[in-house]
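Heads up, the next two complexes both have subunit A, just with different partners, subunit B and then subunit C.
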Partner chain A sequence: MSDKVLMKGNEALAEAAIMAGCRHYFGYPITPQTEVAAYMSKRMPKINGVFLQAESEIAAINMVIGVASTGKRVMTSSSSPGISLKSEGISYLAGCDLPALIVNVQRGGPGLGGIQPSQADYFHATRGAGHGDFHLLVLAPASVQEMVNLTFKAFDLAEKYRMPAMILSDGTMGQMMEPVSLDAGEIHEYDKSWALTGTKCERKPNIINSLCLQPEELERLNVERYERYKIVERDEVMYEEYMMDDADVCIVAFGVAARVSQNAIDKARAAGIKVGMIRPITLWPFPKKVLLDTADRVKAFISVELSMGQLIEDIELATRCKKPVLLCSRVGGMIPSTDNVLDKIKEADKIGGAN
Partner chain B sequence: MTNQILIAGFGGQGILFAGKFLAYEGLLEDKEVSWLPSYGPEMRGGTANCSVILSDTKVGSPIVSEPDILIAMNLPSLDKYENDTVAGGKIFVDSSLISKKVARTDVDAYYIPATAMASDNNLTGLANMIMLGYLIKKTGIIPFENIDRALAKVVPARKQDLLGLNKTALELGYNYEG
Partner chain C sequence: MKRVTIFSGHYGSGKTNIAVNYALKLAAEGKKTSLADLDIVNPYFRSKDSEKILSDAGIRFISSEYANSNVDVPALPAEAYAITDDKSSYSVVDVGGDDRGALALGRYVPAILAENNYEMLFVVNAYRPLTHNVQSAYEVMKEIRTAAGIDFTGIINNSNIGDETTAKDVLATVGYAEELSRLSGIPVKMTCVHYNLYDEIARTQKITDLFPIKLYIRQSWKSE
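For the complex of A and B:
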């Protein structure tokens, strides 16, 4: 018997954040994310941490900015409509170069949408999480274990590069239970001489601010930030390959879509179709290089997603449209079935002319 | 070996709890497991269902759309999922709530008046565990000897007084001669 426990994705993520040293949580309940807040409300008071149910999502993200300014690990979580409300604050976090964790347990949209699983905030997370030129680190768990591992990773990368990180999860990952091992892993110490900790009259005050009225200076800050992003894109890309060695068709999918795709691949393989999967774990930085390399040896890609064709754009960009990219998607809280994906695999396999 | 189990009924029948018990049993047997509930307003008095997968290999999709074991605890659930059950699968029916018989001839159907048995034995609310006891007997997917371990995991510490009742319910189902 293993030392694993059975936990809901949302609860495992919350416990992982605590184990990663997070002692400040600000949030507001919303399905299907509420278990994160509920768990924090039980645990934080017992470990001298702070759980605060803010009056709104906007208030919560601004509290996150406050704690992040002191260099402490801090997080908020919500689901799609609530994340929209946090967008302004996320942009301020980026503009202030502050590390923080934002968790989005996605539901169907737009607007209030529904409460069933979705991946329709892909563009929001990878492109438009707020105004201005900036990126979020975006990590996409595909199991409860990854809800844990990627929470550690997100805090670590956020501090390493002084930028906000997002866990882009969905209702399925949040609500499902799987065996999980809660090994904390090593917590790295990064330079935090920038943090607002009180000068004690021993050093010059630090200033954390996103307002900069000098165009030359603001340009410099943007350019420097993008120099850092280049390093992230070079060093921090994460993905997993499944049955790619001899694949003629390559599925690209993350989160629950990757789980369904795995079943479809197993079925297709049993029928003699050579199909595999590249599962992006970091959505930003996106695994561009491996996809471009793969484009030379497969005949088609399939984007399996719970959105109307968002991930597919990054696949087409990364592969420079060298090969056809088919779309297999369900939206509104629906999830593609194994057979939906299998049908698309068969369609892709009929495309002639592998290199 | 992979078992795709779908448990379905009304909110309040302990559908999710029953699934959690099975998932823990699987975990304690060193199987790969997943548990996925329906969630949201449908749970608040409407239909509730729960996907449980027990497997010797890594679990792919946690969604059970073609169960090989279906537990139906109300008529809408049987109507909805009977045809999704794979050929050769097993359907367990709470016959005190569902008078209809399983129409499929390519599956094994098992009937147990679990809700009536629960109220006759002062186990109101534990029809779910009576169903599970019967299921364990008829499928052998998990060893009955180990029910104590999994019960200790799923019954919260503040409700340990209910442990014995859950066990009685499981035994009642296990020993049912239908």
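For the complex of A and C:
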């Protein structure tokens, strides 16, 4: 038999987390991420792990803080409204310098919104989902296979830099079924001497805390954290280029928007339009440098997104508005069609004067 | 053939798409057919999405009138009693996934058993991880049987890995299906294959009762 299996994105993510060594899951059901919790509820008891349906999203994220403090791999998952509820706890994780995985399978908003796919939590994820100065590592899968690979990556980076990581998925990625290879990624061992594992009267107690009432000290902690962020921005940017070698127009899109864009690019290329795509895989750190470099050789960018114009701001910032950035978006649970994107490619291609 | 055909199975095993294909086949043979969507668990990839194709084929489609609406509550319409009450029509029943989905079938079971003119089919895909081995598939089968309160009469082998499925991948699951049949005492009634693979697999003559199917679910992110 083929060594691939057919999985929903949500299930694949859950299995990948288990393979990555996660034995603690705390969550609360919400469409369209419920399969993550359902899958964990079936699998965790069989492997001596913990599945716990908390009384609320807030309780779940605080349970995550508890396990993360002990240095164990831990995760929670939810969809947009539930992630809002978790935001306080996410900020605490960042303030405590704790690694953990938070999964957001986005749905349309604001408010209760709908249950169809969306990318409208882009700002919320990339600006630090909560109060205070901080960042999350934000990874955006564009296939079921990447739901697996990036889950491994997210746990790894979170531990490497002692910070929370988010998989920013959407209803399509969560619900779509695709062939997937459950090839385990590598699990690296990182220093966990900070973890609360019991002193056994042999060492000084470790303290995990985000409260710091001395302003000088709190400033120092913030500055130190941002020094670490600089290393992440330098070393951990991930993106994928598609047909960019001779492109006059550059699409920037992630997740399901990148899937649709790829189809549109194939159609546009068939019609002789030189268009390509830079697909950010890490949304934070954002692929700023490649976009700035690209701005010197294309005549326009297109931001394809399932939100009212959020990703577009990062493209404009990264490229310092050197070239026009057009917006192609559908919202509320709608997905841009190939033709929506194709029309925008044609519009961008009419912009004169490359370079 | 039996008047009522029930498709049940593990979540994501392909029940809905097979039910739609099966109903269309009956209608194409000129049989008066209805399709009842009893999936009150999963709000995505429902037979409701194929409503137009079904109605164009003259198939009576029965589902919650609130499906895909703001009041999409897990409730079933009174019309679903037509499954057992309207004996002039063939009934195809699309049951929700796993034991949780199968619970909804329970209220129709006494009448289905009384009429005793049904097939209760277990749809299984060997490439789904939670039914990847025969033993785990058998466990799912028993859970559904307990929840639904009705014995299976057949197994449908729907083993596939989506777009990447080859004839070899399907043929490799013949032994799996036979073993599940031995373990459960339930015969394999049908092997579903994408119509693109039908000829290649039919030529091998290794599978009888091949059922060629098309994909009717919406996947707007895919190229045409």
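What we mean here is this: the second predicted complex is superposed on the first by the 352 of 355 C-alpha atoms of A that agree within 3 Å, B and C clash if a C-alpha of one lies under 4 Å from a C-alpha of the other, contacts with A are read in each partner's own complex, and residues count from 1 in each chain.
Keep this in mind: a residue touches a chain if its C-beta (ideal position, glycine included) is under 8 Å from a C-beta of that chain, and two chains touch if they have at least 3 such contacts.
Note that the coordinates shown come from a computational prediction; the quantities given were computed from them, not determined experimentally.
Peer 1: Look at where subunit B and subunit C land on subunit A after superposing the complexes, then choose clash or fit.
Peer 2: clash
Peer 1: I'd like to know which partner A:Met7 touches here: subunit B for first, subunit C for second, both or neither.
Peer 2: Touch partner of A:Met7: subunit C, not subunit B.
Peer 1: Should A:Arg220 be classified as contacting the first partner (subunit B), the second (subunit C), both, or neither?
Peer 2: neither
Peer 1: Does the superposition put A:Asp266 against subunit B (first), subunit C (second), both, or neither?
Peer 2: Both: A:Asp266 reaches subunit B and subunit C.
Peer 1: Based on the superposed arrangement, let me know which partner A:Thr172 touches: subunit B (first), subunit C (second), both, or neither?
Peer 2: Both: A:Thr172 reaches subunit B and subunit C.
Peer 1: Which holds for A:Ile335: it touches subunit B only (first), subunit C only (second), both, or neither?
Peer 2: both
Peer 1: Going by the contact rule stated at the top, is it subunit B or subunit C that touches a larger number of residues on subunit A?
Peer 2: C
Peer 1: Kindly classify A:Pro32 by the partners it touches after superposition: subunit B alone (first), subunit C alone (second), both, or neither?
Peer 2: both
Peer 1: Using the touch definition from the top, say if A:Lys42 reaches subunit B (first), subunit C (second), both or neither.
Peer 2: second
Peer 1: Going by the contact definition given at the top, which residues of subunit A touch subunit B in one complex and subunit C in the other?
Peer 2: Correct list for subunit A: 1-2, 4, 6, 31-32, 115, 171-172, 175-179, 256, 259-260, 263, 266, 335, 337-338.
Peer 1: What residues on subunit B touch subunit A, complex-wise?
Peer 2: 20, 23-24, 27-28, 30, 32-37, 39-41, 59-63, 65, 153
Peer 1: Note which residues of subunit C are touching subunit A in the complex, please.
Peer 2: Listed in rising order, the residues of subunit C that touch subunit A are 11-12, 43-45, 125-130, 132, 160-164, 166, 169, 172-173, 176, 219-224.
Peer 1: Where on subunit A is subunit C touching in the complex?
Peer 2: Interface residues on subunit A, with respect to subunit C: 1-2, 4-8, 11, 15, 31-32, 35, 42, 115, 171-172, 175-179, 182, 256, 259-260, 263, 266, 335, 337-338.
Peer 1: Would you tell me which residues of subunit A are touching subunit B in their complex?
Peer 2: Per the touch definition, subunit A meets subunit B at residues 1-2, 4, 6, 31-32, 115-116, 171-172, 175-179, 256, 259-260, 262-263, 266, 335, 337-338.
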